[in-house]
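Here chain A shows up in two complexes: once beside chain B, once beside chain C.
Right, the complex of A and B next:
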């Protein structure tokens, strides 16, 4: 696949051309919280403010609340109506960590029963990645085989080299997208060399690390250590933000809305951090907070790897920087009892 | 004999709107106890009614439109066609709404989901059914299933208990099982009344008194978690090996198809890997959260 380039001031032209055929989503903080938002055609100002969205791009595939079907009963029985199909979309500027997260959770939504809402959004969306230029100090993606400047999980990969973006074609879907426009040119050797230098400098900026070697086994060995989990969970306030805004967390609740004779069934984000998540009439297997914190950690680093051979974390760092009580997954994993044993 | 690998997880992929329920119509309601009722229902789509199949032990998501969905085991037997049955204990929003519905009301049905009782392993064996309260509902499906093919199985023991005589479910069937000479039915309640002719005491204790032989036998246990936990050691004491003990576990579920996340016990999902597990499997669970 070839490497291309575009002058940064031509980016708006590019988006405009694409928006004739696609609904284009771009990073925006116009709503107060940084998220992928439908582009309104205005200047996006080279996204100078943009480090990552607060709400991960998963919300474009598993929205916080989503109608699954509507129903109506006019006295002659229930009529169920399906929600409309997904239109063609482009998500511009997704970071490699969030793109990897989608590849990780694809399995959940395609295994055994195909989830029609998630899958149709995935099939109808082109992902355009954007290399990180300024990772947060809470980021630890490089420990999880995610590079801040490379991605195999997107269709096109953009890298900011100052006055232009270098564009790598990753998939045919991405290549086809470039064929639609005239503002993209072939990159020269010098362009590519510059991008390589930029990329190398950014990767070094991610300094936070976790040790993933045998992590599933170590957690298994630490699973029954109630004292450890109580200590780890002590300051957690069960707000759920680390799961709701995690790009690989995809748990949901199903609920109905009703007004007079018509209504709809929705799904909405749910969190293993909430005790009613597992509440049953007579008992609750995870009523105690330490069990819920243990579930969150072990699901990502122990159970998910057992089932799918991949850790359900991309090191995006949101659960660290957005936590109201400074709970830190990297500290938790480094202080595992099994971790201490191996160090002795 | 091994039930450590009860087959599960669909190999083929189901497509379409997997969250869209089928419409079913309630055809009959039986009030079992002050808080439990059995509903009989048929699919509105007659073609579906004819081709619908399931296995004993599988469950479904029933819904009242506008209120929500909840998980129920199918308590009727696939050997008896015509309609489906579920026992509904009034404990939450959806179950309360299901208790307010009458004959002719329309409900939503998604399923059947999950694995089922391992008939291939049970064939040729003596069967010991141990149930508590509404836990008889899933057992009832497999009990009728085996009774309808009686020549394939050995002796049938049923030990069933509830808090009080009025809390026993399926009383009309308990009578017919009691009259059946090939079935040894023992009923027990925590505290009887003046008309009570069965035993008194908790299910695990009564099981120990009845002491069914473990030889060439399979025990199938279902009831509240506390009963299940106390029944396992009694069965082991009677000589049952962990892979001779089968149970079905209950968890809060929403999707029923391995997506929504909440029914996990360690790396296993009760909806997708269960709900039927052998005690041998349970002993290997990573987690004690069952």
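Right, the complex of A and C next:
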């Protein structure tokens, strides 16, 4: 693996060079909330404020709403217009937790069926990771085998060492991207050594922890404890924040919109926290709040690992920092009845 | 004050006057609190009162069974009164533990003023009309008026009017009109400009419904947006549908909204929802001389009318 470097002030030049061939997305607050947004071609101010975006980078692959196709009848039958996303994109600055989340949800969109909308966006996008140098107090990524400097899920990895970024080439896609630019230089041994020191110090900044050992088994053992789940769920207000803004939650609903002789099919984010999520004509198996809260926890930490051998959580901490009532998953997991048994 | 609250709450449980206590406990993040809903008298030792007790706990009254002792700031107590008016809560089943409140600190405003995120701040202390923010050993003083929530700046009733037990001394209203800055700005726009403004705001709504879920006045068992036959609004988060949702929600809240500010606080995408709800409250007050949750014996605003009103309004 080759390691390169770039002076931070040259980031502007670099993004300009890349934006000739790619649509570049960067962290931005211009639309009123921090999200990955198409770069305006000049502003790199995000390098000063960016910690992580409120809207996770999954929204660049599974948007809050997406037109799947539209149709129209012009008098000679129905014409179908497909709307898959095909342009070549770079997402610059994705955090390791959000990049890992994409690797996790890839399984949903590729294993039992291939989802053309998601897959085409994944194939046409180069992920450029940016090591987290200032994790939030709500972050707990290190408990989930994601370091704040983790490079496994991106094509190129940038790490801030003060006045420079050290750049690791992870995939061929990333390597090709570096060939397009003249502002990147080979890193020296001293640069690499400095990056190693920085990386080691950042991991220590993540202090919130969960214990993932035997977590599926513990949840299995706690599943039937209705009193526990009712107590845990009592303060939940059943909004969709923790799920819709979770980088690994990827449930969607499909809706048709019809008007005279034309229409469109959309998909949109959906949440198991909503009471009508499992609404069926005859009944709703998760009518009560505690069943929905239990589902959310068990899906991430028990069912998903059972099916795909990976926990569907990357410790990004959004569900803790954005929760209107401070419902904290790390506290809930630590207070499981089975957890208490092992401590006794 | 905090100790008195804990003693009172414990007594209520011990004397079997209530089945549950709802109050505020310390949260898991700096300057955060979390609702405490408990039957256990040991747990009431966690109850706190501080300038960060943001949640309107009246929200939980419609779902907790039995008799409840509830910690209520003035706006929460107005929400409880409003729920009593709407027959959602039975007065006799609730012991209101009133907490006079001289305003809550909006962390987002503090963050903006000190250019640091919440977790980089070591301490925030309220000293009379100033707050002291400590960051890495250095203190910064800010005027209280600059860091309180907008709805707190506007608060006319800082002491609960409906309560069974009052913790602490009554507080006088210091309401100023600086809470209207955002609204005033909108009032200064042309209707086209205002339309564009709300279009851009509602374009980023993700339909998480936190605004509705956190609101005590949104007590419908089934919200109109979830109706599928007929489908009043699309479940797809298009800005038009997001806007319609808020417009109808505001009409439903007329005479029920107590300006507790929770909808705006919890919005994860920062839509200034209070600019709609507060304006709606002002219109309600202007047209009907009515402030929500101030009289438990009054009929709910939208279910009753006077003959004079009918003459002017229904033609």
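Throughout what follows, the second predicted complex is superposed on the first by the 336 of 344 C-alpha atoms of A that agree within 3 Å, B and C clash if a C-alpha of one lies under 4 Å from a C-alpha of the other, contacts with A are read in each partner's own complex, and residues count from 1 in each chain.
By our rule, a contact is a pair of C-beta atoms (placed from the backbone, for glycine too) under 8 Å apart; a residue touches a chain by one contact, two chains touch by 3 or more.
Keep in mind it's a predicted model, so treat the numbers as computed, not measured.
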**OP:** Evaluate whether chain B and chain C can sit on chain A together after superposition, giving fit or clash.
**Re:** fit
**OP:** Considering only the touch criterion stated at the top, classify A:133 as touching first (chain B), second (chain C), both, or neither.
**Re:** neither
**OP:** Go through the superposed model and pick first if A:4 touches only chain B, second if only chain C, both, or neither.
**Re:** neither
**OP:** On the superposed three-chain arrangement, identify whether chain B or chain C touches more chain A residues.
**Re:** B
Original post:
After superposition on the shared chain, which partner residues are touched by A:253: those of chain B (first), chain C (second), both, or neither?
Top reply: both
Original post:
Of the two partner chains, chain B (first) and chain C (second), which one does A:142 touch, if any: first, second, both, or neither?
Top reply: neither
**OP:** Measure off the angle at the C-alpha centre of chain A toward the C-alpha centres of chain B and chain C in the combined model, and quote it in steps of 10°.
**Re:** 90
**OP:** Using the superposition on chain A described above, determine whether A:241 touches chain B (first), chain C (second), both, or neither.
**Re:** second
**OP:** Compute the least Cα distance separating chain B from chain C in the superposition and give it as a whole number of Å.
**Re:** 5
Original post:
Of all the chain A residues, which ones make contact with chain B and with chain C?
Top reply: 253, 255, 257
**OP:** Write out the stretch or stretches of chain A touching chain C in their complex.
**Re:** 31-33, 51, 54-55, 64-65, 136-138, 234-235, 237-241, 244-245, 253, 255, 257, 266, 268-269, 271, 274, 276, 289, 320-322, 324-328, 330-331
**OP:** Using the touch definition up top, name the residues of chain A that touch chain B in the complex.
**Re:** 68-69, 71, 73, 77-78, 80, 82, 108-116, 220, 223, 250-258, 263, 265, 267, 270, 272, 277-283, 285-286, 291, 295, 298-299, 302-304, 306-307
Subject >> Of chain C, residues touching chain A in the complex >> reply: 27-30, 32-37, 55, 59-60, 63-64, 117, 119, 200-201, 203-204, 206-210, 212-214, 226, 234-238, 262, 265-266, 268-271
Original post:
Which chain B residues qualify as touching chain A in the complex?
Top reply: 9-10, 13-21, 23, 44, 63, 65-69, 89, 91-92, 106, 108, 224-225, 250-252, 254-255, 257-262, 264-267, 272, 286-287, 289-290
